[in-house]
Every structure is written in C-alpha cells, then in structure tokens.
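Chain IDs A, B, C, D, E and F follow the sequence of writing; residue 1 opens each chain.
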Amino acid sequence: MRADGRQNDQLRDMKITPHYIKHAEGSVLIEVGETKVICTASIEERVPPFMKGQGKGWVTAEYSMLPRATQVRNQREAARGKLGGRTMEIQRLIGRALRSVVSLEALGERSVTLDCDVIQADGGTRTTSITGAFVAMALAMQKLVDNGKLKSLPITDYLASVSVGIVGGRPLLDLMYTEDSQAHVDMNVVMTGDGKFVEVQGTGEEASFSREELDSLLALAEGGIATMIEEQRKALGHVSALIGTGARA
Amino acid sequence: MRADGRQNDQLRDMKITPHYIKHAEGSVLIEVGETKVICTASIEERVPPFMKGQGKGWVTAEYSMLPRATQVRNQREAARGKLGGRTMEIQRLIGRALRSVVSLEALGERSVTLDCDVIQADGGTRTTSITGAFVAMALAMQKLVDNGKLKSLPITDYLASVSVGIVGGRPLLDLMYTEDSQAHVDMNVVMTGDGKFVEVQGTGEEASFSREELDSLLALAEGGIATMIEEQRKALGHVSALIGTGARA
Amino acid sequence: MRADGRQNDQLRDMKITPHYIKHAEGSVLIEVGETKVICTASIEERVPPFMKGQGKGWVTAEYSMLPRATQVRNQREAARGKLGGRTMEIQRLIGRALRSVVSLEALGERSVTLDCDVIQADGGTRTTSITGAFVAMALAMQKLVDNGKLKSLPITDYLASVSVGIVGGRPLLDLMYTEDSQAHVDMNVVMTGDGKFVEVQGTGEEASFSREELDSLLALAEGGIATMIEEQRKALGHVSALIGTGARA
Amino acid sequence: MRADGRQNDQLRDMKITPHYIKHAEGSVLIEVGETKVICTASIEERVPPFMKGQGKGWVTAEYSMLPRATQVRNQREAARGKLGGRTMEIQRLIGRALRSVVSLEALGERSVTLDCDVIQADGGTRTTSITGAFVAMALAMQKLVDNGKLKSLPITDYLASVSVGIVGGRPLLDLMYTEDSQAHVDMNVVMTGDGKFVEVQGTGEEASFSREELDSLLALAEGGIATMIEEQRKALGHVSALIGTGARA
Amino acid sequence: MRADGRQNDQLRDMKITPHYIKHAEGSVLIEVGETKVICTASIEERVPPFMKGQGKGWVTAEYSMLPRATQVRNQREAARGKLGGRTMEIQRLIGRALRSVVSLEALGERSVTLDCDVIQADGGTRTTSITGAFVAMALAMQKLVDNGKLKSLPITDYLASVSVGIVGGRPLLDLMYTEDSQAHVDMNVVMTGDGKFVEVQGTGEEASFSREELDSLLALAEGGIATMIEEQRKALGHVSALIGTGARA
Amino acid sequence: MRADGRQNDQLRDMKITPHYIKHAEGSVLIEVGETKVICTASIEERVPPFMKGQGKGWVTAEYSMLPRATQVRNQREAARGKLGGRTMEIQRLIGRALRSVVSLEALGERSVTLDCDVIQADGGTRTTSITGAFVAMALAMQKLVDNGKLKSLPITDYLASVSVGIVGGRPLLDLMYTEDSQAHVDMNVVMTGDGKFVEVQGTGEEASFSREELDSLLALAEGGIATMIEEQRKALGHVSALIGTGARA
C-alpha cells in the first residue's frame, strides 16, 4: 500500500478549475493531490525575432515556484538574478511538449506564452504543469476562434503528462514528493490523445534500470495519461470536442 | 457613483483565507475586490549577517506578481535577471511596516520572511500585501508560541494598509485599478490598531496637492483601516486576542 | 540645542554653485551643511521607447554616492552588478518630483536626465538632490530657450525638498546624519513654489506617529522649503524670473 | 544510404586520445566523426557545501562550445553573462550520468569536475561528452589510486552514450548534424557496461512517436554503445581492467 | 602651438587640494587642466581572502567617471550591471602602479582602497588618477603613523604618471582630449621619484611607431613626471619629507 | 641556463597548424612550447552599431581559457556571469593590435571576430594569441578574395607578439610560466613586419625598472618577433606573399 492508500497504478485526485485568472486569455488552477499550479495562456500578436516573417506562430512556456511552495523556503530566482538549471530544463520541456500538438502554421504570426506557477508542490510539478497548460492553451486559442481571428482551433490532439518511477522495487504511477525522493528511477512521460509519445525522460540517478523496468513504467504512464485526458475534456466543456478537428482538416 | 457602485468612503469586499499554503508556518489568501495575493510567512532559526549576535530577530518581505496577474503580461523579473525599482520599493515598504509592530527582542534570533505573491491585480496590491502579510505573520509567530519556542506573541499591535487618492477631484478610499490610473494624487497609508501612522506616502505625479486634500485623504484612510483590522481579527480566530498582549507585557 | 547649534526650525547653511561641470547643459554643486551633491542635467533629443510619438518629453533621474561619501566605505553598485533598493527608490522619487513641475508637452520630444552624485554625505542626500537638480534642470532648459529650440521655459513652478523628523521627542527641520540615525520618525517632503505638496513620505521604522506629530512635521517642512526656494532663486540669477511664466501662459 | 556512406546501425569513426591536456588529472580528446571534444577531469580535495560532512564525494560536469565550433559563430555565454538553458540541461545530464557509475562513498570527500569543451561540433556533442568524460574520469581516479589516496578505482561499471533518431522514417544510429536537424524524433541514450539504461531522453519536437519506433531506437542505441565501450577500453589501457573491480568488491 | 598655447613639453596647470572629502582617511581633488578627479584612500583593517595570513597588506583601486564628466552623457556602469573593459583595465593599472611604491610587509594586514572618481574629463584621466591617488594614499597612511598603528610611512618613493603622444607628427606632453583623440600613438607612463619606470604602455591604434618615436615620448614623460612630483610634495606638506624614509630603513 | 635549456634570447619551439577548425573561415592551432591556443577568424557581413554607415569594416577579438588550461582549475567566466578584468584587458589588446595592420576601408562593411581559446597555458598566452590570430585572420580574409568579395588582401603588414622579462636580473625572451611568475619586469611587445612597434606594455609589479633594462628588453623582443614572422609565413603558404601587397597599393 502507498502512503496515501493508492494502488500502484492509481492517479491522485485531480481537479482542473478553468478561468481561474480573469486577465489571461486562458487559465486554470490544476490540482493533482497536494500539487497546485496556476497555468495561464497569454496571446500576443507578434512572434520572437527568430520566427519573424515565416507566417507561423510560436508557443513557449515559463515555469516558477513560489518561494514557499516547498517544505523549506526557496530563494526566488529573481532575487538570485538568474534562472536555475532545473527551471530552464522544465520550461524548455513544457514549451516543446505543447508545440507538438499545435499547428504553428494554423496559429499564424502570433505567440502563446504559457506561465506555470506552482503555488504548492508535492511531486510531479512539471507533469502537472504540462497537463494544466494544455487546457489553458486550448481555452485561449478558442478565444481567438470566437473573436474571428482563427477559423478553427489549431490544436491537433490532446496532450497530458505524468510521472512514473520505481520505488522500493515497485513501479508506481504519479509519484508524490515522498515517493519521488526515494525513487531509484524517475520517468516523465508526455503523450498525445492517440497514445503516441512526445517525450520520454527516464533517469536513474546513482542507479541504472533494465529494459523490463522501462517497459513496465511506460505501461503505467500510458494508463494514467488516458485518465488525465478525460479530466481535461471535462474542464474544457464544449471546447473539448473541437480539439483536433480544425488542425487536422 | 464609483464604477463598482461603492461610496467614496467604502472599501471593496475583502476576504482572508487563512492556512492557504500547507507548507508555510503561516499563510493566507487575501482578496480585496479582484486583487488576490498569497501571503506566506516562513520562519528560519537564523538572522541575516548584519543582525547576528544582537539577540534580536528580523522581519523581511519579498513581493512579486505572476506575469499574468495584470491585463497585459509582464516579463518575469527572474527572466530579466534583476528586480525592478517598483518591486524593491514595495518589498522594502512591506518589511519596514511589519517590523514596526514586532518586538524584535521578543522574537529572538530568528527571522520571518513574508512572501507576497500577487496572483491577480486590480489596484492596491502593496497595501493588500501588508494587510495579508500581517495575518500570515501572526499565524506563524503563534506557531512558535504553540511549539514552546516563544512565551508570548511578539506582536505589539494590529497593522493594516489601504490606498486612497483623488480622482476627478473626489477623495476616494481603496482605489481599484481603473481609479488608480486616473488619480492625480495617490496615497498609501499604513496604520496600527491604536490609530497611529506607520507610513504615509503621498505622491502627486505630474500634479501637486493642498494641505486640505492631504487631510481629507488621511481621514478616509483612517476609517478604512479600522474596518480592515476587523477582518484581520476574524481571520485570526483565537489568535486575534493575543495581539499586543505578550509584547506589551 | 542641536549638535551644530541650530534651532529646531533652522536649515543648515546652504550653497548652490551653478555651472559646476562644464560639459553638462545644466549643473550645480549643492552644499547643505556637510552634504555635497553634484547635479547635472543632460538633454538628449530623443525620448525613451515608451514615450515615443506622443509629442511629449521626459524627465528622469539617477542617483549615486561615491564609495567614500560616507563614514564607512560602501561598495560600488557597479562592482556589485546591480542597483540597490535604496538607490532605485531615491532615483524614482527624484524623477517623479521634478516631472511634477515640468510641462512635458511644452518640453517636446526630448529628454532630460538628472544625475545626482553625492560626493559627501551628512544626511538629507535625497532631498538635497531634488533641490539641486531643480536648478540644474532649469539652467539646462533655459539653454534650449536661448538656442531657439523652445519658446519659453517649460517649468511651471519652483520645487524644493527637505527632510524633517522627530528626534528625542522634538520635531526638527533638516536632519543631519547624527540626528537622522536617531530619529523615530523620518519624513521627506517635496513642495512647490506656491506651497503645495508633491511628495510626502513619512516613515516610522520600528515606531509609529500620531496625527499631531505629522502636522508639526509638515509645518516645519513648509517653512524650510520656502527658504530653500529663495536660495534657488539666487543661484538661477536672471533665469529665476522665468520659472512658471512660459509654461503657465 | 546515409550522406557519409554509413549503414543505419553504424557508428562514425571514433578516436580517443588520452592525456591530451598536461595539467589535468585526467584528460582526453574524443573525436566522433567531425565532432571533437576536449574532456578534462579535475580533482579537488573538497566537496560542495551541500555534501559536506557526509564522507562522500561528488562528481559534476560543465559543458561549453567554442564560439566557432559551429557553422555560424555563437556568442560566448561568458559575454552574455549567463548560461543558456541548453548548456544547463546538458551539464546536468553529464554529471548525473557519470555519478551513476561512481561509488561516492568509495571516492571519499573529494570532488571531480568534468569539463567538456566542444572544439568542433557535428551532432552528438552531449553524448560524445559523456563517452569522453568517462575515460577522463577513470584516468584521474586511477591517479588517486596510484598516489595511494584510494585503495581501488571507485567506478562500478563502464558508461557510454549515443544519439539515435528517426530521419525520413528510418531509425538511425549516431546522428551527424545534417541528420539531427532533419530528425522527427531524437533520442539520447546512456548505458552501462552491463547493458542497463542510465538515461533515456526521447523527444519529438512538433511530432510524436509510437511504441514501435521507441523500441527500434533503443535497440540501435544498445548496439552502438557496446562498440563505444570497446573504444573506451582501448584508450584506458591497463586501467581498463580495473573498472568495476574495486567498487564492486 | 597647441590649442591652449602650451609648448610641446609643457604640462597643463595642475592643482591638488588635500583633505577634500571629510570622511576618508586620505583624499584629494586633483585638477590637471580641465580634468578633475576626486581621489580617496580608505583603510580597512583586513585584507582580501587571497592575501590572508601572510602578514602583508594590500592596495587596490577603483575608477569611475560621473555620467556627465564627458561631453556626451555616458550610461552608468551600475545601471548596465557590469564594469566595462576600459574601467577594469584602468583600475588594474592604478592599483598595480601604487603597489610598486608600497612595502606591503611594512603596511601589515590591512588594505587601502583608492577610489578615483572623475567628475570632469578632458584627457589623461587615468594618469591624473594615479598622481592624485598617490597623495591620498600617503595622507591616509600617515594617519596610521599618527595613530601609532605604524612606526613609519610604508611608502618607498614618489610616484606620478602622465600621458604623452604623437599628434600630427609632433611628440606632445600631457594630452588634453582634443589632442588625445587625434593622436596616432598614445603612451601612458608611470615613474617613481628616482626616475625609474613602473609602467610603460604605448599603443598605436591603427598605426605603428618607430624606436625613435618611442624614445622621444619617454623623454617627454620623464620631464613631466618630475614636475608633477614637485606638486605632490607641495600638497603633502610635512608628510612630503617622510616618503621613502621609513620603508627604506 | 634556463629551465628548459634555452638561451636567454631563444624562442620556444613554435608550431602553427592552419585550417584546424573546419567551420571557421580561418583557423589555426598555435603551439609555443607547452602553450596551445585555438584561434578562429569568423567573418560576418555586418559591423557593430557604432561603425555603421562608414563604409569601413571592424576587427575584434575574444579571449578565453579552458578551465583546465592551467595547473589549478579556474572557474568559467560564463559560470561566474561576467568577464574578469584580465580577460577584458587581453581581448582589447588583441583586437587593437590586429586592427593596426588592417585597412578597415579596404575590408568594407564586414567584421572579423578573432576567437582565441587557450586549451593549455604555459606563459605567453596573450602574445601567442596575437601571433596565431594574425594567421587565422589572413586565411579568412584571403577566402574573401578567393570568393570575389574583395579584390585584394586588406592586410598592410605582418604582425606578431612576444613576451620578454627580467628574471633574476637577466633579460629573457619568451617567458614560460615558471619564469613569468618570478619576473620583476614583464613586457609584452607587438611589432609589425617592418620592425615598428604597435604595442609596448611594460610592467613592474612591486618593482620598477631603468631605461637600460627597458632598452635591453625591446632588443630581445625585436629579434624574437622577426623569427615568429618567419613561422607565420610558412603556415600561410601561398597567402604569405600577398600580405601588404593589396592594402598598400
């Protein structure tokens, strides 16, 4: 039995509150167990310099934790004057993952910035950020459709993410902090609605893992992500049916 | 009539949710109209180098806004690599204000860091931060009493803050963003439970103001702060009666 | 009696040397007691990006202290790689105060940068900077009139600043360092030639103050600023009569 | 056929020159096709603050490219004043991978810094850095054994890394730059001498990949890494036989 | 004839005002023509980490220009967040030069920081800084003798500096800005009281110079420095006779 | 006898490998004794902002050392977030020296960046960088001629550099690290093919030197540089004959 009574292949309770921040074009509060992340999607009618003049859009992400999202207070990166390696790695991952289900051509020369701010952390903040940011992004892009700026939603498929790991020899789905800190192998998986992989990042810090272990973790992730996408559908309401329709056409 | 139907001397609706972040020693979500700030108080058993060996504690504050707390997205200070002047000014103000009602001797050689993170902004973020941070600080310090680390709460009095300003010739209490952006005079006032001033910062950008205008603004602030302190009392529950008792003894 | 023999409502000796730095469009050395500040006004025929295309000018300020302006050497902010919060707060105050007596429309699309460099500090460096920068600014703007770039001086009124505070229970005008470091309440006041307020910043660090104390400090400041403006008139010579004439027309 | 005539499952020519930099405790020049990396291992008799007093050592890595290692000159990170996200991600990966085959207990309270400086880049710079850094690290640690500071080599197994990817629908081993820039899926794999995984990082930028594709890439990587470890053995000479002996004992 | 009527081998008017800044242990305002530099010497009873425990002192320098010391306003290095290459080069030069006439052993474990702040620039700011800093340093060190902390002045000889250059084919002494900007060869020379060289830095930007030209410039510098040292003697008053006596004993 | 058996006026063995880095327009590996520097020349068809619209080109340099180029590992400047004073001084020197033999008019509106990366250091890294960068620059500029972008090589003369110094009373040519660290006087000299000086930088840290010593060092440098230019000619092959022909015409 896990500390919170879950089965090995069971997700934590998950709740997505859409339209959480009034100023943003799209926003959610996503809660996965005790992990809570505010995800906002901001649309600007311009692209970064390296994308100019290509008739394509851009999707990028930023990630941060409030100083007291964690058990011990963390110094702000703004106070230190620079982003840490972990932050950079995570925000590159979030942006890359979301771009894999967006037709940048269909989006046109505008950019979407996904801000993922962890207000309380209990493991899985990066995967929760991806899952929440997807919903915020879809809500913001649908606003472009509603305003007549886009003909259809430029999102090709659903996208969600979960962590899996091997703790005390057992493969577990959706690690909370106490599990994560004991895991010998830790893997973050990002998958699409049609069951394909977008990112597989498996790491054995001071440890290695076999092909069989890898296979068992991938199977757990697959199951968890399918459940998560169901939650995304509920949060998206009528927008849920439009994912994949326009961009695929 | 004001845009949201308030009287000139009327505060916005105000709500303080205590214990909002589980990891922090003290925390609140404070909502004043559409302005929402997460305030956490973190206690560490050490003081900054310049305070060492004096047998006294320290109270300091940090302030930040999520990039999409505002109508237009703001670049993160962590990404720019430095804190802006406005942020520094605000966090110096918050720390200074809160220290005025703490007995640093009674606190002993430990420090309290107040993190004020604005998740949605609609005017008055610095004054709301002070009002919320006071409650988070009291909750955290009471935990030190409950744990036997302190004999009594080292807080000498209540403390709250409000903005006032002159908009279209009328003195108004508790400006929301649309009012603030049209104000000719803008004043932030911090007061204690016994009706004394801790900070008075009145500014006429591209304008000046008379002594009579100054007097009318101070009167408005006085009334608003008294109401705010009532809300702080409710949020503090049984801790509310302990403010001022120990430190004054 | 005060340490230097002054009355409670007496300013220190004050001396303004105009045209102190030959390269600047306007400059002064201002000495208030032992506090000495070089103020230069630099005019550039362009405005910052956020002001472009509005047909208006801009006035901004920078403030710094030489490392050995103080009793103990301070590390240079250039060496530390960033401006401190105190510096940012002060330079924002100086710029804001001076803009309150300039018609930015009359100035046209050009900018004035006021550099206030404290070469020796003995209390009141920010208020002395404002008082000196006003003269440097007027001299520089008059040069624009003399060169035919402006029809009249775009300055609507005089502006000066002084510090007041409560030390050992007594309200005092124009604090020197030893007084400032013992003050329970410290207030910086900026006023115009017609006796209106532009900034009122009263602070009780680890202390609070009553309405009566506030009133007594404001009265002291009012008297001191009127005297300071007389000194500004002398330093400005024939330019003194032109303040307020053009911009009001 | 690939552009350089290789088979899909064929590595580029690989050459490891040990003792390339005279000052370093261990060093190699590693060349994989046209990719050339200088790897040095520096030993210091102290550990970073977070590791102090645990009786364990630390292994960390830094990665950089000369500005003209690439076709178009890249600005130096030292000139920009900060490390980019890509650099941080890579140096975290290298350090983490190498720690997985080191017994930090057996190493004792000392640290090994692996500097990987790419002097010419043609794809696979991060995997080449790992493969080369392993040899530099082994040479440096053996010097500790030779000097009597360690009883045996604290390395538990071989470690090497290769990139694989899907280009034009074909799974390819050891991508060079022109292949890498066209790949729809790009995967970096780190494995040990006994055929276990240490890192699996598969990414589909603007694309996704199936489970079958993932399996085919892992199989290619497995073969390539076994060959690479043979080259490491040759470069290590008599040290090659000592890998895994001491730490396992 | 030179623009200001000087002979080719004639220095500009030079004036050294000692004790210019009251807080510093030693200070001067040095004026060489229109170039004006405030030099302060600050003594601290500790040395930088790399000098600890050697029983020796340290002398270092910092250099800066006020933004409007020059014809066109320069951005502050503190605002840019880093020191420029020119500043670093100059402050390294000043520190190195002054250390050459100090017995660090005799100084003992304390450090002297020389701050050279150019308030008005008209060529020769680095050489003027050296000449002025020498006097400020001697005054500060004599205070250590007067306070009984040192038995004698730890300065082995006088030290001064001048610029020379070839302008329009003519070797000139002590270049002012208009000359400096046209010079094909520019040389800064630092010499001691006994006529030896401490620094010779000759530069031909987009030009080269012959051995004969080099010789003529060195001869000019030698004459100018001897005159400068006479001015230093006058400014030092009774301290002038103590230079070289203690340290040589 | 010197530690490596050389005569006082003898250079170390010197080897220049042209075309060392395939991506750069020009490149060499230069080895002078145990000092090894990779020099690349990168050509870009634009000039920095301050040179725009003048019809002239620009030549600039950057210098760095690999962390383990030295006996003790040095922290990377990219990790520290800023360039040190020594690096800035050296890269300014290299750029200035090379510009003295380039006709910027003949080069046209393009820029050449010389990157000098020291991979192993044993004294004389800045002088070796200049000598190597000259060859890399000539190779890159000849490519512009070969491509028809320039009619002839815009280089007016050869340029090389060597260090000289006084060690134990003896003037020595081409100091290696152990000599350099004991030198009382250290001088870097840059000269052209026709025997003129471009830079003479003589420094006596904690020491001074006489005119006779200066003369003896200049004589040693002159001999060494002539020999170095012979090595440059060999490395340049058929390009060697073109130096000075076009630009002088």
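Basically, a residue touches a chain if its C-beta (ideal position, glycine included) is under 8 Å from a C-beta of that chain, and two chains touch if they have at least 3 such contacts.
Predicted model, so just to flag it, every value in this text is computed and none were measured.
The minimal number of chain-to-chain contact steps leading from subunit A to subunit E is 3. Counting only chains that touch, the fewest steps needed to get from subunit D to subunit F is 1. Of all chains, the one whose CA centroid is most distant from that of subunit D is C. The geometric centre of subunit A is 51 Å away from that of subunit C, both derived from CA atoms. Our note on geometry: subunit A versus subunit D, Cα centroid distance of 29 Å, whole angstroms. For subunit B, residues touching at least two other chains, in rising order: 81-83.
Each chain touches its two ring neighbours, and walking from subunit A in the direction of subunit B yields A, B, C, E, F, D. Across the interface of their complex, subunit C is touched by residues 21-24, 27, 34, 38, 40, 42, 44, 62, 64, 66-71, 73, 76-79, 81-83, 87, 113, 115, 117, 119-121 of subunit E.
Considering their complex, residues 82-86, 88-89, 91-92, 96, 99-100, 104, 157, 191-192, 194, 196-211, 214, 218 of subunit B touch subunit C.
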